[in-house]
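In the two assemblies presented below, chain A is common to both, partnered first by chain B and then by chain C.
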Partner chain A sequence: MLEVQDLTKRYGEVLALDGCNFSVSRGRIVGFLGPNGAGKTTTMRCIFGLARPDAGGVLWRGREVGREERRRFGYMPEERGLYPRMRVHEQLAYFAELSGLGGPAAAAAADRWLERLGLADRARSRVEELSHGNQQRVQLAVAMAHGPELLVLDEPFSGLDPIGVESVAGLLAELVSEGVTVLFSSHQLDLVEDVCQDVVIIDHGRVVLSGDVLELRASSSRRSLRVTVDGAPWIPSIGGVSVVPREEGRPRVLVDASTDLDEILRLAQQAGQVTQFSFEPPSLSDLFFETVTRKGSR
Partner chain B sequence: MRVPTAKVLLVARRELFQRARSRAFRIGTAIVALAAVGFVVLPSALAGAPSTRRVGVVGEHSASFRAALSTAAAAFDTEVTTTVYADVRAGQRALRSGDADVLLVGSDELVWKQGADPELSAIVASAVQAAEQQRVIHDLGLSPEEAAALLQPTPIRSRALEPVSEDEAARMGLATIALVLLFSSISVFGGFLVTGVIEEKANRVVEVLLSRARPDELLAGKVLGMGLLGLGQVLLVGACVLAALLAVGTADLPEATPGMVGWVVLWFVLGYAFYSVVYAATGALASRQEDAQSVSVPVTMLSLGAYFLSFVAMESPDGLLARVCSFLPPTAPFVMAVRAAVGTVTLWEVGMAVLLMALSIYGLIKLGGRIYAGAILRIGPKVRLRDAWRAAGS
Partner chain C sequence: MSKAFSIAGVNLRRVFRDRVSLFFMVVFPFVIILMIGAMYGSSFEARLGVLSRGSGALGTDLVSRLERHEGIRVRAYEDRESLTTAVERGEVEAGLVIPSGYDTGVRAGETVSLPYIARPTGSGQDAQLIVAAAVDRQAVVLRAARFAASEGVGSFDEALRTARALDTAFPRVKVRSSIAGSSVLSFDYGAAQELLLFVFLVSLAAASMLIESRRLGVSRRMLASPTGAATVILGEGLGRFAIALFQGGLIVAVTLVVFGVDWGDPLATAAIVILFGLVGTGAAMLMGSTLGNAQQAGSFGVFFGLILAALGGCMVPLEIFPSTMRTIAHATPHAWALDAFGEVLGRNGTVAEIWPQLAALALYAAGLLSLAAILFRRKLTA
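Let's turn to the complex of A and B:
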């Protein structure tokens, strides 16, 4: 289990981390979410000793994370992070060796990972010759090749097309089923909602929300409502409705969880023919904005 | 600071093989080797080419003139052929078309196409003189003994106040090759380090690396790998130069040559170690290749200054300037190499210079390591030295 305790880090005038506090349970896939500049990368850098926090610390299984602990971690920094002109297999083996594997073991790990990612035929290609999605997969392999217990990925989905997202997400799910703990960051909350089991949502260097995704959504006092009447979006005129501003063309509202569904449906049917009616727990970004707004107005 | 060698060696191995395998590097090495060989071979090839001069003659000339001409030519290590032209006009035509190098009209006028060649002029003049003496001796009716006594040249001894032996001239040449090789290798491999460090920083590989190895391990590995490659190139080019020297003629090879190769290797290792750490540390200050130039300018200027100073030192290798500079770490690699080739260096001087060099390299590794560590993860505009220093210290 990874515990991030009261991390504080200031870069000149900017307070990047302001007492960041959360933990990651073993064998879970945890989304570390928040807008750009929230402090995600700084936190990850602190985990790997790439940045020194001004205060606070990081524990792994109850022990302060040091060189020895980090050998059991795998890290993938945001975008690139590979030698563009080095060959794929060589690169994998090099990083595996640098992570402590012996030469033959590192080469074998590189073989195994290329096979697993379906990139065996690209073993001798230069990294720069691969597609963006494949480069991302090689990066994942680099982070995983030495068999770490904790995998930390900074924005693994950014810049990927839906197929790329699907394939990386699938791989992460496989790893978690093999017992690896995964912590990954993203600023695209909706994109990764289905990927993570737990979330830690951070804003302005502080954790604003964390826990099991499904539980968080279910336990929210709000519900997401989307109704289409006569082919057009329809918004009920009842109390406690807030329009979700971000979704173009398909307006959605948040209403109290206790709202009488029958009443809304009746109102909608009076307005015309109901072609769509969905009433769901709020999305992660709904939760995020709700939390941030509530804190801001306080 | 205890550096676990395994990771350093891993990093060094990657640096070495990745660079050695690049086509640009191989082509560059071939060009350097060819240029060095050319530097050795070309002067003697050019000097050895046209050794036969053609003298056109208008008017009467005796057999003794022709004999005297070849004797005089032999004294200048050259050969002369003579062609007789019917009149001045025909002779001048030959001169213009390049069939003759000089035209002797009668026995008192030399005609050139553009300007006089002093050597050929002296050869012809002395032949004319000799032929004239022969004629006078013949006219006087002297016996062969009397003639021989008359023509017997008075032996003149010559001595030089500051003699420059052939060996010494060759040593100068060798020192020049050594200097160019030292300077260009240190600059080129230092430059490779700068671009390598910036590349890793720009594409964030360094974060992957530093999650697995410490900054000092990474720095040491990069410096070591690039240094071994540089040493390999120096040895290769040195071997090519030696082979070329041997091929051109062993007479040109000063006795000091094998020792000189040893000195170049020693001073490359020390000079490279000194400059490379500085290059790598300054490279860490930049995040983009565009800034590579500007961050490394101070280092380049320093090595360039040391390089020029060493040419001054070549003029008077045992002068005060040369002596002082051969102890100062930034200039020592170049100036000591020069003094070893053309001057007189005592063992204690070399030992002292090596010691000072080693001490300063140790200090630089500490200093450069700290700057590298403080700057390598700071992406964005150029990092100021002071900020890098502080970042690593806190």
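Let's turn to the complex of A and C:
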């Protein structure tokens, strides 16, 4: 288990991390969310010793993370961290060697990963010659080649088309099924909801929400309500309703979980013929905006 | 250490893939040194323009004496104006006018002056010595012939023939010169200056590659792997140090074979090249750890490379620096390395004689590399 404990980090006047606290359970895939500048990258860097926290620390299986522990970690930085003109196989073997494998073992790991990613025929291609999606897969493979137990990825889906997203998400799911723990940051909330089991939301350097995605949605005091009357969206005139502003074409509202559904249905039927009526836990996106907006407006 | 070698190997492969960089790192300095060596290092023949129209048999004799002389190449001109123009344009180092009537005047025992035209600088002054020597040599034969004719041996022409025959028959006294101590104007010293200039400049080019590694996030991946900052700097530096050594070795080998540069004690020369290569690598790693982008590194590299080389005596020899400037010059590693080369090249110095200079270079290298590692880590892990 990875435990991030009370991490505090200041860059001059800017407080990047303000007692950041969360944990990642073994074999889980965790989405690390937050607005720009919330402290995601700084937290990841603290895990790898690439940023020195002013206070707090990081534990792996109960022990403070040092060089030995970091040998079991794989990292993909936001800058991607590959030489564009270097050949794919050479690059994989090189980083596997830096991560502690011997020369022949590193070469074998590179072969194995290229085979697994379906890139064996591109082993001698330069990285810059690959499609964006394949480059991303190679970057992932570089982080994975030495067989780490924890994989930390900074925006692994950034810039990918839907096919690339599907491919990388599939790969992450495979890794998790093999027992690898994955922590990745992203701004794609729907994607995180689909891919992740757990989520950590950070804002202004503090964790504002964390836990199992399904449980967080279920335990929310709000519910997502979508009603269509006579083919047009319908919004009930009751208290405690907030319109989700991001879906203008198909308005949706958030209401209290305790709202009387019978009463709403009755009002809708008075307005016309009800063709759609859905009442479900809020999406991760709803939770994110609720949490970040609320905390941000403190 | 194996990680450092892996990093060095990748670094070298990156360099070899970039053919343009490779050209500027290895071929370009090499060509410059060959050109400088060709200009100053090879045997030099001064070109002498001669106008001898109507100068008669003795004029022709003087021209053929000049043509036979080592170190001078004679080119004939038809009139004074074209000879003067040729000197002005540098087509010949100097011009000699043997006036018409030279033969008649000399035979008549008159004083004949030979106008000599030279540029204010260059080797025209040296060629004048050769001309004077040829004229003296001819005068000796003429005086002998005149003396013989006056003693009733025969006509002047008969006596001249006899004197010429005797002139070639008599053994000559030759002055053989050698140089003691190092000369700051010799190509041996110049080759050492060029070696230091280019090894340092080329080493500084490594800074841009380290910056690229940082910019691409490769350095962060390395540190996260986890690989220590000192190992990364060592590895990044090792590859470039190998190139610096190769370049230094190539310059030594080629100037030795092509221009006969005497590099003195091989061990001492190797020690200077190795330590100076480390200094250059350390400076490059320091720049690569602190500067923001490759363009800055390129500009700063050339700027500091040339400034330090000039201040350190790689452009103007340290021996002709005023004493204060010479003291200031020793703030640069170049000056220490040149001092060491001066000892090795000029006074057959060995490692034992140049240890203070080697120690200074080792201190520079250690200081720069350590500082680079600290700043590199600080830059990436702030």
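FYI, the second predicted complex is superposed on the first by the 289 of 298 C-alpha atoms of A that agree within 3 Å, B and C clash if a C-alpha of one lies under 4 Å from a C-alpha of the other, contacts with A are read in each partner's own complex, and residues count from 1 in each chain.
Assume a contact is a pair of C-beta atoms (placed from the backbone, for glycine too) under 8 Å apart; a residue touches a chain by one contact, two chains touch by 3 or more.
Everything numeric in this text was worked out from a predicted model, so none of it was measured.
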Fit or clash - chain C, chain B, common chain A: clash
First (chain B), second (chain C), both or neither touched by A:52: both
Touched partner set for A:97, first chain B, second chain C, both or neither: both
First, second, both or neither for A:70, with chain B first and chain C second: both
Partner chain in contact with A:78 - chain B first, chain C second, else both or neither: both
Common interface positions of chain A, toward chain B and toward chain C: 45, 48-52, 70, 73, 75-86, 94-95, 97-99, 142
Residue numbers on chain A that touch chain B, as the complex places them: 45, 48-52, 70, 73, 75-86, 94-95, 97-99, 142-143
Sites on chain A touched by chain C in the complex: 11, 45, 48-52, 67, 70-71, 73, 75-86, 90, 94-95, 97-100, 142
Touching residues (chain side chain C, partner chain A) in the complex: 2-3, 6-7, 10, 13-14, 17, 213, 215-218, 220-227, 380-382
Chain B residues touching chain A - in the complex, by the definition given at the top: 7, 10-11, 14, 18, 22, 199-200, 203-205, 207-213, 377, 394
